[in-house]
């Protein structure tokens, strides 16, 4: 059997959790029933169904999870629609991990962290958040700002309530776009909420969400006095090889799949804004 | 396909719902035999047949493709088969021009009452294709069974 | 001619009659002329060109250009004007936003024709009367203009300009060239020979889509071959079948709409005579359903969108009786 | 990914005898997406349907494949079954393993293999099915009956009786049809006019019925429940509302030499005429081919004598467009022309007549006042020869028709009997191939003709009739006697085959109703839906669907009426959801689809679309009216970009079937 | 240096082909292309092939892996790609340089094994140019068309073919061939000085900031008539973008890669849109990549080898030379 980075392994979906009407979280193990490979928070993997297609997803489980990988996937295209229709026991193919991941053991070490996520943007951050929770003593205070269109669209809501909110030193700030009857939390868009919360400018920000959210949140953070080199984000572009060869995710002299998907925002100012 | 095996062509018959599919039903009701190589796909009208479907069938391993529809003038939708007739005539002519065996494609008008004609047509078509041998000029090697 | 075209373009822009003008722009050499949108008279006078190498059919650009703000001027050669009419017939061009200037044409030259004469390293061409003086890295040579004529212009169907607001040069007439001779020659071959011919030609295809993207009839918002939902999307011919499929379906999709402008063959980097597929369909349609020239008028119904009760049966092909 | 259930029907032994149903179910269970597969003796039975319903619920099925008989048979049944179980009815696909498999193959392994492949194709298709919801369209509560013969009359009366307005379009100046020309009816021998004319009067007096006579259907648009029909009412040059039917004009008109079509040209009428005394509407009509006023502007006698001032030489054809919910075709029949039957000397001798002409010659209102006289010399005929099956049951069908005209045997028996009854001095010979008398009291009637009335029935065909010395030399064979016969007859009566009225073919095209090769309208189902055309909303009444005698015609007319009443009593109809749908993002707006749509279901709108970089592009895109679209799919192939697709038969669905079959 | 009589070229081919499959540029259906040599097959008289020599290592379509899917189970099957030793003759200096550029992409870790194996198994015999086309501009990229490189450099001078091994692989090949010794006479290089594009400078795009080039107003004008076809990409020796697609054969799934073009509208299309929505962005991407991005990442090496194929084949005659000139004007 030829071995090539483009040839995937077979993996199995063992558990499927429905998070929101269009997001499900899939638990994946290797053919031996064990975790397929180790990864760094923020890295991605290529999942595929032969005949349907291959797509890149960020790994949402923490590296500290020794049993399986998790992927939170929003239904939007061909591959994701297929994945949303499968049942536990379904095999898929998997290759990875890809990308640089977050600098959890370097830049983030000892820092106060602010995680800002919108919608499915929580998926790549969940891996870091749980990693940070696991090595709690290595990091300072943690704030999590998370917003979605409605309460039903909050991904990992149970985990947020049951675990994150219960932990000392972690402050969770949830918000939804519009008021609804069974919601007594904050209402409003994430960028405004961030400004309202007004974080200390010594903190390091990790951000992921739709482009509009990133754009306005960044503006808000700069208003608060944050520098771009304090803000990290992760990108999603069309990818085929994830090895920096097929050319799709090329922006400027960078390949998002290999040089990213995590970028510090000051690095991005040198790049064409084709993301 | 092994050499020592008798060649059993794969035939796709597109039948319009109103005449030819009913004709095929009648042929069944009357227990008129024709080879099992013929598989029928029901389409509402002969004018639903996209040339793409014919090429697709050849790609996927069909050795012959036949379109059956209502007789001209009898189309359930009045005019469908007239369009089908033009389309198929031109498509077949183009395929012939490209050197694809012209006998691999056929159009036959079969009414709901012509169960016997349906069976006879299929017998003849299967016979023609069997003599012609496997489709080699419009095949996709990837789709051939190992 | 060149002066009149440039002057007209400049005038259209200067007078404000047009916001932009579609024409051809000089290149690095004399022959690599690029279609371009000019927005100022100054730009026109500096960069615009109208030479025997302005073969590109500009009509397809009007699909997008006629939808932009302001009026667009365009220069159309006779064969381009057929496409212009055909595209209007298909509601693709907003005529009220177009000012069409017909340019009479005596046939366009083609660098490939010069190369076919064995000329290499061609650095300049001087046109005078009916001769071309070709300078190459390896010396100079004079050839008759006719020898440099583009392949498609050798079997030109018509020099009549259709639906133009203004003409530069005289109105031309339909020509009686042997347009279908090559098709007939292929038809006369045995099926095996035809199959070998088309295989040898289509196997050269690299699926660059130049033929499709240049074709005024292939102006779909989304081509079925690019559409992941069509079920036939493909990007490269992974099998000889897919080479055939693309060209058969393309020929079929433009049947009755193809004006025989010959752009497909002109742009094919592999010199596949793609026009022979389209011409076959045109020849058949003419023979079976009566003469029809796409883009020659606004009223006639394309043969694939109409019928008569007396149309011949497909069996004329499948039983080998042939098209009379 | 669908969750598909596969249900393989045995159809008793119809399928199970040739197809290993268990093996089919097992093989299909392995297909992707199949979560349940089973077989059962009769899937269409209540128990079978319950089984399907239970499986849908238990396994959460999103798609169902039934391997059974033709979808033309039970597709609707199974759709309803699934709908009851909460599944969208369009998530069902049928693999036809009976008509297309078990019934045509003998070898069990072969048939089983094919059944599996057909099942796979259905599974592949159902994977791509999408739930469809049928829309509704309103029903115009008015019916149109085309043809005012006994069939049309009966249908109209029955529909009107149920309270729905009806229009009858009749191409002749009067309703009544062929029955008005008939003298007596078999087997009761009662007078045709006596039973028909009261019905005609009923029609004219019924407030719900509007007779549009001397008119023809010109254009039909729309679809079931919503037809729009344009009727050309020909100018009769007489104001119908003013004409009292007094008939004075028809007596005063100087043009007397017009062949009288009512009497089949056996006598003449005037250029202005009322076809017969009991005509409905009883209104005069000017024959423009003969009227000198209309032809040369000279005359005007009728206008002068008309006290009501009803004559209007300037009258124009009138186009009436009306909306209808249902259309009944009752265009009836005509005897075939005799021009191809030279051997019977029809053209040479006036004494060779068709049976319908004989009806007129025996009718009290006919040209001879009911006395049977030879047309040539007005003498009393002594020897009559009846020739049966003239143009009926002709093999090859070049000269005549391949079918049996059904009514000839009985009316010939009637004619023979009446003649022998009235003129016992005559000898009557009937040459026949077979005498066919199925029907209540029919055979008794025929036997009476032979036994009581002494009609000579001879099995055999007449070879030649030669007019000679005022006689008709009839050369015939007696098959049972094995001899040649030579009869000197005074009259020869030809039982001409009947064929559909000539107006039927163009009408069928307008109605998009199908016809058989003989131009009889095709019924939706020969046994189960005999009075409906396959085209929804078009119903068949009388001989336009096939040869019929009067009682059958009346029965069918009533049946058609009841179907129409059933339709018109609905307030809205469910549309076929398998209609074409354009993907606006791919639509070029090129009008190819519109050009090929037979229903005019496609229109275009200019619509704004989001372009790149926050721009807005206005594009012309196609729109399909789902109530008008009938789902033929012509547009889907005409569309070069594949923007137009057909729901229920989408490109991808059909290609999936192709893939599955060719695998 | 080795020598072979030109008149006996077929014999040389025969000798090579007897050992390993040999590819030479020849005319197939009228078009010069690299094809497997068969007895009697002659070298094309054209300067260069329509498609570049990259096909030999990076074919337009290539099967990567097979899958078998049954129920919920997936099996990964070996594509059984057979890569054997082979020789390619007649590669021009420009194409030979393109291999370096392709190597920098495909051999970068993690290496593409399909490409790597083909490279490793191929002995490249280059052929020096003597009769350039007007569209040639390799010299302006520092390529010497008379010193074409590869494993073996070849020259045709007079009636002889001269061969010189540059690598051990090349030496091994030449040692297996019955070649004569000989010294190549000095070639006439004057024609290269007459090349119209000899003064073109494509290497100075590193001088300015990447974003300055990116935001040049020239892009709109340059891209306005681009048809968005893939001709330039597909004939380009250095374009290496690819797509990975699955094909369901009915018996299994073939995963293959095929050339793709950044000029295509669906290149970066995702379910919710594309980051290069118009032809301007796509057009810019292609030329920016060759002139700016690639050099920025590869020590100034330009992603173009000056073969001139795009000049000859673009349907609307837009090409890298015109782009560079236009951007250059901007700079001034």
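Letters A, B, C, D and E name the chains as they come in the text, with residue numbers starting at 1 for each one.
The working rule: a contact is a pair of C-beta atoms (placed from the backbone, for glycine too) under 8 Å apart; a residue touches a chain by one contact, two chains touch by 3 or more.
Since the model is a prediction, treat every value here as computed from it, not as a measurement.
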Selected interface, A-D versus D-E, where C-beta contact pairs are more numerous: D-E
Closest chain to global C-alpha mean, per-chain Cα centroids: B
Farthest chain relative to chain A (centres taken as mean CA coordinates): D
Whole-Å separation of chain centres (CA-atom averages), chain A against chain D: 68
Where chain C and chain D are represented by their mean Cα positions, the distance between them in whole Å: 52
Inter-chain centre distance, chain B versus chain E - centres from mean C-alpha coordinates, in Å: 46
Centroid spacing, where centroids are CA-atom means, of chain A and chain E in whole angstrom: 39
For chain C, residues contacting two or more additional chains: 224, 228, 232, 238, 304
Overlap residues in chain D, where contacts from two or more other chains coincide: 596, 638, 651, 655, 659, 662-663
Per-residue overlap in chain B, given as positions that touch at least 2 other chains: 51-52, 56, 60-61, 73, 79, 83, 87, 142-143, 145
All pairs of touching chains, each written as two labels joined by a dash: A-D, A-E, B-C, B-D, B-E, C-D, C-E, D-E
Contact footprint of chain B on chain E as seen in their complex: 247, 249-251, 254
Chain E contact footprint on chain D (complex, rising order): 30, 32, 612-613, 659, 662-663
Partner chain C, residues of chain B touching it in the complex: 51-52, 55-56, 58-59, 72-73, 79, 82-83, 85-103, 105-107, 137-142
For the chain A and chain E complex, residues of the former touching the latter: 1-10, 48, 50-54, 76-78, 80, 86-87, 89-93, 236-238, 240-241, 243-250, 252-253, 270-272, 274-275
Complex contacts: residues of chain A adjacent to chain D: 82, 85-86
